[in-house]
């Protein structure tokens, strides 16, 4: 088992709000995270790819290439954005870190052609972290 | 010279925008930070107080007290907020980190009664940091 | 596989000492960690819960709730304590990080009712870390 | 102004307690930090020396030498100790971080013979920090 | 599952270059990392051992012993070295972090006699990380 | 006093060696850092500019601009290089962090036209840091 991880950052705002619930229910569930004008984070995104090292290059996947893929597929969509309002693949979704991780996986998985996407890890803050390794629904 | 520092966090969104300039000028100056729906950060705030240690307690200022003052005066106003829209002392101001630091100073300085406020340091991100030590206009 | 992690801190002192061994044996095994008056650490505790995200909330488990459970079950018992002398569930145990992780698991597992406790990770220091994922004896 | 800083760690326990005050007063002032059995921290110590670089070596002070001086003068006394009970130069003192910084300065200043001791910075935790630059009483 | 991790650092330079490829091919693959005079990193090495805690000591493996083994087997060979030119077990290999992790595993696995080597994790930088857990070829 | 800091990274190798001294003297002074083939670091560079905030922008200096200046003036010269062999402004100099900081200052000072260069801080590693604030010779 050989894994390589690339770490990137993005800054975004979001609001946790389920449009199918009442305002009071939303407030009860999300507390301060339901603030109508939103709030924000410096997210850290770690993408891990599993594979074997290519004997020609000594690499599982070129990390410069992996960075470009993540940048174009994910960071360019979410950096300096409001996740609820500006990001097409999050429209009508509740942008919790769990949902982010799963949506990121869907977009990224098909773009990784050397090795295989193994894990998406997102730090919403130093103290709140989500990992998704695919599977489930 | 004896200095004690308390470090706290807050998460907020903001938009860099000067209402007296045209949209194009704002875009030219602030780039992605001018995104109409805003974006966000996990800010780190470090407040430093200068003084002598009280021989009775061995402390310049009780850091639990200092934390409470910062919490009530600043963090409760800005955490999980949109700085442009939710924070009364930032209304009609451009919420750059420089402006934040100076406004925080004004509010905090008069609340510190043991020792003297020496420095406000704000990390907008790991790579962008502002320090204010009072004075100027 | 969807995992959410909450990170908290506690400060405690401890002494590594096995009462069934001689003083010399204890010194040989634990070295400086056997100092009779103890020494201390800023421990970092990371608790990871596995589950599916609830479609109503977009969350595996509400991290505010998880934090409260960890706080009440573990942090309130060990923070600002001497692990050997002040903590009932560690009485007559050797408070290595391995033992801490397993005892924390026992207490926490039954309190997690949304999702399932997946991992307890404790940093005794930046350089010494223990992970426990249940099972064994 | 050219400054070089060496960073080291030590792990210690302590109890904040002023023997000249009543138990109740101590509890009121120090709260959990007054726990009779003590608690502990992974302290980070940063020592800064000011000087000019020696044209022969390109260094203000050899950092290997500075490390040895700090190790012998300070770390060997306080690491894996109980600050109140095991450290001769802290006997009858209240081991707050402020007091530590000033006592460290007294011991270290005379040992630095290349350049001049400029600052002692101690992180009791990531969020509580003290700086001492000499002077005062 | 009980895992203990020891973290150490080493500073080294390297050049990514495959002697069987042309200069142009090397440049195309490795870019700046192919600079003939090399460049360098502060590597962080995390070694994880899996096992049960010994009831006599409360430890899976004594971390002081694990540190000594890693120091002698790995760090002493690679610290303050040029990986391509100074390290016998890397001769004629391309010193990518993937290759480092696998070579480290080979050397370390047989030296761990308490518990079992579980994982080698190397941070080439904060943003580029490799994990190896044995197996494969 | 209002200060803004931009933080960037570069990876480089170097050898501490004074050509005017004998091999033995070099070895005595620099120890492992004198290894003929060099070794390397992930340097962190923090550049601090002092000024007033422009009322039009709320900024002392646009951090995107400051980043570009540092990138072009310094990082592009030293990143992925061997400091002794590849960097023209370090030719015939001993590339200690002290010397780096002073040479960086000389190059950068004249490029900062908004505000005034206040400090250059370089982390050679987490534990070895140099600050230069101009002046001296």
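Letters are used for the chains, namely A, B, C, D, E and F, taken in the order the chains are written, and counting of residues starts over at 1 for each.
Throughout what follows, a contact is a pair of C-beta atoms (placed from the backbone, for glycine too) under 8 Å apart; a residue touches a chain by one contact, two chains touch by 3 or more.
This one's a predicted model, so the numbers in the text were calculated from it and none came from an experiment.
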Chains touching both chain B and chain C, listed by label: A, D
Chain A to chain F, fewest steps along touching chains: 2
Angle of the C-alpha superposing rotation, chain D to chain F, to the nearest 5 degrees: 120
Most widely separated chain from chain A, with each centre as the mean of CA atoms: D
Chain pair equivalent in interface to A-B, over half of contacts matched, among C-D, A-E or D-F: C-D
Centroid distance [mean C-alpha coordinates] between chain D and chain A, Å: 42
Rounded Å distance between chain A and chain C, as computed from the means of their C-alpha atoms: 29
Touching two or more other chains - residue numbers and ranges from chain D: 126
Pairs of chains satisfying the touch condition: A-B, A-C, A-E, B-D, B-F, C-D, C-E, D-F, E-F
In the complex with chain B, residue positions of chain A that touch it: 9, 11-14, 32-33, 35, 37-42, 79-82, 85-86, 125-126
Complex contact set, residues of chain C against chain E: 16, 18, 21, 29-31, 93-99, 101-102, 126-137
In the complex, chain F residues that touch chain B: 1-8, 46, 48, 52-53, 56-60, 62-64
